[in-house]
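Below you'll find the structure I mean.
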Amino acid sequence: MTYTPLRELSPYRFFSPEMTIRNLAFELYQQVENLPIVSPHGHVDPSIFCDPKTKFTTPVDLLIFPDDDITRMLYSLGIPLETMGISPLDNGTYEKDHRKIWQTFCDNYRYFTVSSPGFCLTYELDKTFDIQENIDHENAQRIYDQIAEKLRSPEYSPQALFRRFNLEVLCTTDAATDNLDGHRQIQSANSGLRILPTFRADGVIQLDDPQWLNQVEQLSAVTGERIADYPAFIRAIEKQRLLFRSMGATAVDCSTLTPYTQELTPLEANSIFQRALKGETTPEDAVRFSGHLLMEMARMSLEDGLVMQLHCGSWRNYDREIFVRFGKDMGCDIPIQTEFCRNLQPLLNKYGKDPHFTLILFTLDESTYSRELAPLAGFYPAVKLGPPWWYLNYPDGMARYFDQVMGIAGWYKTIGFVDDSQGLCSIPARHDIWRRASANWTAGLVARHQISMEAARGLMDELAVGLSRRVYRL
Amino acid sequence: MTYTPLRELSPYRFFSPEMTIRNLAFELYQQVENLPIVSPHGHVDPSIFCDPKTKFTTPVDLLIFPDDDITRMLYSLGIPLETMGISPLDNGTYEKDHRKIWQTFCDNYRYFTVSSPGFCLTYELDKTFDIQENIDHENAQRIYDQIAEKLRSPEYSPQALFRRFNLEVLCTTDAATDNLDGHRQIQSANSGLRILPTFRADGVIQLDDPQWLNQVEQLSAVTGERIADYPAFIRAIEKQRLLFRSMGATAVDCSTLTPYTQELTPLEANSIFQRALKGETTPEDAVRFSGHLLMEMARMSLEDGLVMQLHCGSWRNYDREIFVRFGKDMGCDIPIQTEFCRNLQPLLNKYGKDPHFTLILFTLDESTYSRELAPLAGFYPAVKLGPPWWYLNYPDGMARYFDQVMGIAGWYKTIGFVDDSQGLCSIPARHDIWRRASANWTAGLVARHQISMEAARGLMDELAVGLSRRVYRL
Amino acid sequence: MTYTPLRELSPYRFFSPEMTIRNLAFELYQQVENLPIVSPHGHVDPSIFCDPKTKFTTPVDLLIFPDDDITRMLYSLGIPLETMGISPLDNGTYEKDHRKIWQTFCDNYRYFTVSSPGFCLTYELDKTFDIQENIDHENAQRIYDQIAEKLRSPEYSPQALFRRFNLEVLCTTDAATDNLDGHRQIQSANSGLRILPTFRADGVIQLDDPQWLNQVEQLSAVTGERIADYPAFIRAIEKQRLLFRSMGATAVDCSTLTPYTQELTPLEANSIFQRALKGETTPEDAVRFSGHLLMEMARMSLEDGLVMQLHCGSWRNYDREIFVRFGKDMGCDIPIQTEFCRNLQPLLNKYGKDPHFTLILFTLDESTYSRELAPLAGFYPAVKLGPPWWYLNYPDGMARYFDQVMGIAGWYKTIGFVDDSQGLCSIPARHDIWRRASANWTAGLVARHQISMEAARGLMDELAVGLSRRVYRL
């Protein structure tokens, strides 16, 4: 098959070809195209910003390694993870030559064309590296050289890219047990970059994680709190949240398989906690404790003002063998059916009516958009709906989100965009797709005479930066 | 944010801007625009039509109080229910000044723009009150005056509006225990308005409702039947259905959390009934009795010819505190996952094959459209699919319904539109949205050369009034 | 209602009326319009191809009897199955006059217009029988004569139609116990038609099927294997698969209610098997055995190279009375909620990572497209996604599939089209709809500047024939 992806990025990319919508969308997009980027949640490693002299070493380090969406798609084509430079935990062999990894990537680039990572990559190559050629088997090494050369210049250091991408603020995701030395270093370096930590609660919440005891020890170490019982555990978490807040954090992130919530009595909570300390956790313990801790996180958010994010419905490390051989985040996290209504009732009944509390819900199960999430956000003052997340974060997925959520919850109960990027370069790529998808949707409302162009302009600003700035208190 | 909603209603509202579709849609819409409105199911209070001299007192009485979609959206923005004039059951204070309530509503009107209630309100203000201005903080009181003045004139009495809206027939929803005195009064007044009752079975079916015993007593009182056992209970229901039918009712409505059905033996049914009379209902009793009564309602419909409507999947009064403090219908009814296939098998296996029986299914779970509902309607002669209901009743929701249902079940197994309105003024607004959405969908079929314009014209009449007239036997 | 379906097929049928998309779609469609048809899975009876002199006797034999989608839609309108010529198993009366059956069909043809079978029928009448008239009550008998006359000519024999439809290869579905004499006869006739069998495993897998013991006996007879225990049973299945492979089969098909998988020990498997031989199967046995056999089918596919297809989520013979009175495949198979993630974990963890294994997943539950299926195909080398199946196989259903699957899994993890036809004439009709829907989707990508026209051309060839040829190894 001769298969040649697009040569260059059109200014009308992702817009309906219908001229009324296209022209309106283009106008609305231009209004927000160059607005600063607010990135309230993502997974870029903050350490790359500590030293202005840090550089990305190769195109593979920059574009491939941080993006497990690329890894999983190549793997799905039958290319072993080792071939993509991923080292097995058992010290097995793997490809260390970045030029060979890049070649494999380019040999298979045509399979990415009509997919979420493909849309991002095309943008990154064009806008960040000024490469309009289609990468393929033939030009792989030449393109590698072009990118590698750029990476050696100071204009392509992480700090320089941060500025060039016009990032107003970048929130990273940091373990609950982090001492935030990295963030402290960034802030004391006075680089002028606004990079804030986010408290990721999972490690200390999930009793059935083999690392849990270890996490509790680290939590104890970092807080100086001797964690011998449940009240001390809670005190330590509260203390760490305050540390995060003092370092600029405005949000907390919880990621659980289901959004199950249930309040335990202090006695029950402590019994389960004691069993866990002794390594005697039962599966039921883990579920109930996680459900209780979500309630506790909500209570703490009401007290310390940190926004609570809930990312549910991903079965992490679905393939046991991949997990054992390579560890986590290898692209084998599969969404499952998610039930929000019954699961969140205890939490929402207790805390959802308080407008001072903010709970942002993310889903990988689109059937919940109109059925549960939009109605919940359409009633509870505390509830807001996160934008399309992970697998759903691509143009068609965004169109479905607008279609299914907005008419029920109202735009004001959404939160703008969250890029959730792992790689620095994909941040502007993803925001550009969102801004284009937003412009296209908003233009459609105007073209169908549902709102005025004046209203559309206001809505565009909100979707691009206004809502996320306000909801995340940035 | 400067946010100004649309100044005036375009004749092309809700139509695709693509010119072929737009022009066809406009032509098809014009064909049905002024057809009479058939409203086979809704919640307008029939008592407002008893006396031709009845008037709405304020804009708030007319536009805000009857519409819990407005209440829930304002509440979701952090505005207390009391501020919107809703009185707590505990005699707490609440806003009684309708001008202040209206002001709060207008202050927040911009948040409604891209939402289902927003689309209706824009229509109501324009078509019913000739107000093309955007309501906002500034003009709130002036607009209040304009509406209030109109409400004082006889042209804005409920009866006058009924005629002006060109309502061919309006079916209300009435408790199974209603003596229908209100309807009797309307009919004896010879106003010429066709207003028919609908038998709402819930109150006497749901054993776990705290009001159940009370409802049974009322049922006993209204039928003169001493209800000491299950057979007497069934006799009383049958008697009431006949009363409703004699007053013009053509349909029955059942609203249960799930569509669970199961036939009990008379002995089992009576055991559960006896326990319920003694206040000893178990949760399992309630589920089984409800499942059995749905079977019984189907049997009765076969016998007395009343159409059976089933509205499933709404968790009513999801927030306990709101329910305790304010009572029901406060906007906190959240949809849950709904399973029709397994749940309805007993009922459909027994009654679904009889073409003399009509069972209309409504859902709040869109994932059931193509998976369960369209295939069920595409096989069982008795089954018809209700249009998008409640949260799903907005232009995008209608488009998804057409898209997912029609190709599988065929248009003839749908029932046209059901507005389900609580407020009188939203009836024409909702039918207009439906007629526009139908025209746009049908125009798309013609524009894609799937059907002829002649076929499209026939289809439009059916979707606008034909199907609902025929299915509901009106 | 005057209701007249479309007079003639437009060359732009099913394309967006937006001119950019329409023109691109037309160009892309023309590229593949006359490509040969690859039909890797369907239910056409192979026996009709054995003898070149075989003819279809009446229009009803050709167009109505093989298509249970027509039967179910007519039944759903209140027309008894007997009236449509379906004979009750109890020797009750039924319509034997094909002219009367045809008349009933034509009397109701207008109800098919906006539906999946309607779209196919319009194509078949036009392209295969050169009938552009709308069939209706008036012209029913005249049209009957026109078709019947054509069927008498040698150009309308099954073999002639096979060639005229440009079928490159047709895969039928054959019982696991089939001796393939029919296929042997076709192949020895040297007709030049490529017709291959597919091993349908269900009959021997489903312990709770009343016919299971009988199937095992047939399996024993056809393989010459004395099946007294589980190992012999497995040997017999493996032997039959080899027979199928030797006759050209490239695939196996499994159809289970859920995709539940679980590996049993040989001891457990044999215990269940022994109970089943004695007619003492428990419901749990049936579930566990089916789950285990799916694992075994995967293992065998890895060994013998046959592609494994999994069709899940249809509750077959949902109506007991219809099943008892008329037997299976009467149109009363209703989809249920389907869960792939948990159910397939054992199978995928064990076999899914091997790129030499191919597992094609089909669903009737669209909510699984973006939630489970695309992510699974987007990781596991063995997993591919089947196109919209059965109820979902119509233009809107295809559009939703492209929208929800492609961006996540990538086009390369899909398999092109599978018509699943029961009637020979509907094969080209369905492929035409798919090719048009594919062209419209691909044109949209070009028109929105997401891919180049060159890429689109490559993609079109893949969607039309390339992918199915390659995935099914045809």
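When the chains are written out, they are named A, B and C in that same order, and each has its own residue count from 1.
The rule is simple: a residue touches a chain if its C-beta (ideal position, glycine included) is under 8 Å from a C-beta of that chain, and two chains touch if they have at least 3 such contacts.
Quick caveat: nothing in here was measured; it's all calculated off a predicted structure.
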{"item": "Category of the chain touch graph - line, ring, star, complete, other", "value": "complete"}
{"item": "Shared interface numbering between chain C and chain A [over half = same, under half = different]", "value": "different"}
{"item": "Chain centre separation (chain A, chain C; CA means) in Å", "value": "40"}
{"item": "Shared interface positions of chain B, touching two or more other chains", "value": "18, 367"}
{"item": "Contact footprint of chain C on chain A as seen in their complex", "value": "1-7, 9-10, 12-18, 72-73, 75-78, 110-116, 118-119, 315, 318-322, 331-337, 364-367, 391-392, 394-397, 399-400"}
{"item": "Of all residues in chain A, those that touch chain B in their complex", "value": "18, 20-21, 339, 341-342, 345, 348-349, 352-353, 355, 367, 370-372, 374-381, 383, 403-404, 406-413, 444-445, 447-452, 454-455, 457-459, 461-462, 466"}
